[in-house]
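Listed after this line are the structures, all set down as structure tokens.
Across the two complexes that follow, subunit A remains constant while its partner is subunit B and subsequently subunit C.
Let's look at the complex of A and B:
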């Protein structure tokens, strides 16, 4: 009897959601008013046009390879993320910090069993970690030239620490992580305040840009990305270490 | 059937697969997984909004690619999705912490356990 009821509920849920999905899909295709997604929407009609041509602040800014523009990052997504909409990104880092802090608060203090790692992972750990840290470092240093940036780099670096945790080696102490996180967070906001003092608005890119496509270009973007990478990696590694904490009781299975 | 249709169809189906899981599953971890599937679908939907037919990656690679700047995809949704992925990771970790706490209080992962008011007392 109870099983019949569950099957009936499942069928009802599928029918209801299929109806809802049909309506939402048709609306995304066309609702006869406003902008139609299926039309040929060129980017020139959107906000992104200003970002692509890099003439948000300076109307006469000319964007060309090897030239100087108002924002000389070759990766336009990075330019949007770490320059034009940096407020968004900085507050996102704060949201991440708050969720990770809440995670530490919510997690009950108890002993958890952790399986001992295999000898293979334990011995290979230094090599694996070296490569992961190299890739992560490349990601945030090259974030303004190629796909990548602070957040993926932070995720990769924290994954390196996760592998360490899985192999049973705690490579960094949680105190060090807290210090890194605090220093990076304070630096981001002091750079923002410096922009306010020098140029009159928060998070303004006050360094000289350099040529588009060069390693040292895009002004403050590589610096912000380095700080963001360290902050994100410290926060995420904190989560992994929090799971690891209290794992003194080893499960010899 | 254009490429954009495929994107929209797959993202709406991902969202509704996730919603189905949220509505019918009883296990909290499975509900969290379903929520993550919804999140993936929404990210795909946002990126699909920036789709341009025969568009290019919004990255300059050489002096040649500057000529295609009018043909590049919309970079704004991509930047927003990058934000939402990171936030999703943080909230997932938080939700897992809550689930661990729930398991400790109720002794089970089923959502039915919170209907019964008698809470297992440890300590």
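Let's look at the complex of A and C:
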């Protein structure tokens, strides 16, 4: 009897999935403004054109302070995310911090050595880590110009630490990670408070920026992204190291 | 052409998601779950959302599966 019910539930679930797939399909092929996978439309036909209508290559396109907040960064997603919705990211970072504390609470505190890995991974680790750190660093430094940003950059940097853990080398101590995380977190909220004092609202972008598309343009956005990347990478790396608690320097033959 | 590729990827994604549900081996399920995230990030690129695609690839496919595997090894010991 119970078996019949399970099969019925499965059939219902598949029917529901089929309905969802039908709706997703109709949205993707429709020619209205919205999601369009075919992309025969040019960008100018869309609503987003209003936001995308800024030219990075134009030397006269200086963003004037006091204009709209999305004028400051070349990457419009970053402009919206880091000017209007930085509270979102900041609180996400706090959620991550609470998660890391929960890991420390739940996982048993037994000493566990870092496992031995293959010689190949052990020796190639510095090269691998260099490339991964380069990608992560590029992503948060260029966050206001190209796709990317603080959160994914921190995630990529922490995967470099993860490869270090898998290779059996402890590349950074958990004390250093805690210091980095604390400094970054305090700096984010002091900058936010400074904006409150100077301009009257929390997380306001109070630095003036230069040309759109320059390296040093978008005011406070690159600074916030750098701090968020450091904080996220320190937190996530702390999670990996938590699985190998007390991993003293493993001497490899 | 693009819609064909996207459809194939979507079919792969749905098939992988069903596989995650029905496979008895937990390690297989974790790895196929990473495949779901990876295909989702490719679909995000097709929809011109590179920011979301980067986040999905790094967090959904990378960190989530790494944490799942670490936790699974820890539990199975």
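We adopt the following convention: the second predicted complex is superposed on the first by the 169 of 253 C-alpha atoms of A that agree within 3 Å, B and C clash if a C-alpha of one lies under 4 Å from a C-alpha of the other, contacts with A are read in each partner's own complex, and residues count from 1 in each chain.
As a convention for this text, a contact is a pair of C-beta atoms (placed from the backbone, for glycine too) under 8 Å apart; a residue touches a chain by one contact, two chains touch by 3 or more.
This is a predicted model, so every value here is computed, not measured.
Enquirer: Looking at the overlay, what does A:147 touch: subunit B (first), subunit C (second), both, or neither?
Expert: both
Enquirer: Is A:195 touching the first partner subunit B, the second partner subunit C, both, or neither of them?
Expert: Neither partner.
Enquirer: Is A:139 contacted by the first partner subunit B, the second partner subunit C, both or neither?
Expert: A:139 contacts subunit C only, not subunit B.
Enquirer: Pick one for A:156: touches subunit B only (first), subunit C only (second), both, or neither.
Expert: After superposition on chain A, A:156 lies in contact with subunit C alone.
Enquirer: Report for A:96: first if it touches subunit B alone, second if subunit C alone, otherwise both or neither.
Expert: Only subunit B is touched by A:96; subunit C is not.
Enquirer: Once the shared chain is lined up, is A:219 touching subunit B (first), subunit C (second), both, or neither of them?
Expert: neither
Enquirer: Looking at subunit A, which partner touches more of its residues: subunit C or subunit B?
Expert: With both complexes superposed on chain A, more residues of subunit A are touched by B.
Enquirer: Of the partners subunit B and subunit C, which touch A:88 in the superposed model: first, second, both, neither?
Expert: Touch status of A:88: first partner only.
Enquirer: Scan A:80 for contacts with subunit B and subunit C and give back first, second, both or neither.
Expert: In the superposition, A:80 touches subunit B alone.
Enquirer: In the overlaid three-chain picture, which partner chain does A:9 touch, first (subunit B) or second (subunit C), both, or neither?
Expert: Only subunit B; A:9 stays clear of subunit C.
Enquirer: Touching subunit B in one complex and subunit C in the other: list those residues of subunit A.
Expert: 17, 21, 24, 28-29, 37-38, 75, 77, 107, 147, 149, 151, 155, 236, 239
Enquirer: Over in the complex, which subunit A residues touch subunit C? Could you list them?
Expert: By the definition above, subunit A touches subunit C via 17, 21, 24, 28-29, 35, 37-39, 75, 77-78, 107, 139, 147-149, 151-152, 155-156, 158-159, 162, 236, 239-240, 243.
Enquirer: Report the residues of subunit A in contact with subunit B in the complex, numbered from low to high.
Expert: 9-10, 13-14, 17-18, 20-21, 24-25, 28-29, 37-38, 40-44, 46-48, 51-53, 63-66, 74-77, 79-81, 85, 88-89, 92, 95-96, 99-100, 102-104, 106-108, 110, 146-147, 149, 151, 155, 212-213, 232, 235-236, 239
Enquirer: Tell me, which parts of subunit C touch subunit A in their complex?
Expert: Touch residues, subunit C against subunit A: 2-3, 6, 10, 14, 46-48, 50-51, 53-55, 58-59, 62-63, 66-67, 70, 74.
Enquirer: Provide the residue numbers of subunit B that touch subunit A in the complex, in ascending order.
Expert: Checking each residue of subunit B against subunit A gives 2, 4-5, 8-9, 12-13, 15-16, 19-20, 23-24, 45, 49-50, 52-53, 57-66, 69-70, 72-76, 78-79, 82-83, 85-87, 89-91, 93-94, 96-98, 100-101, 104.
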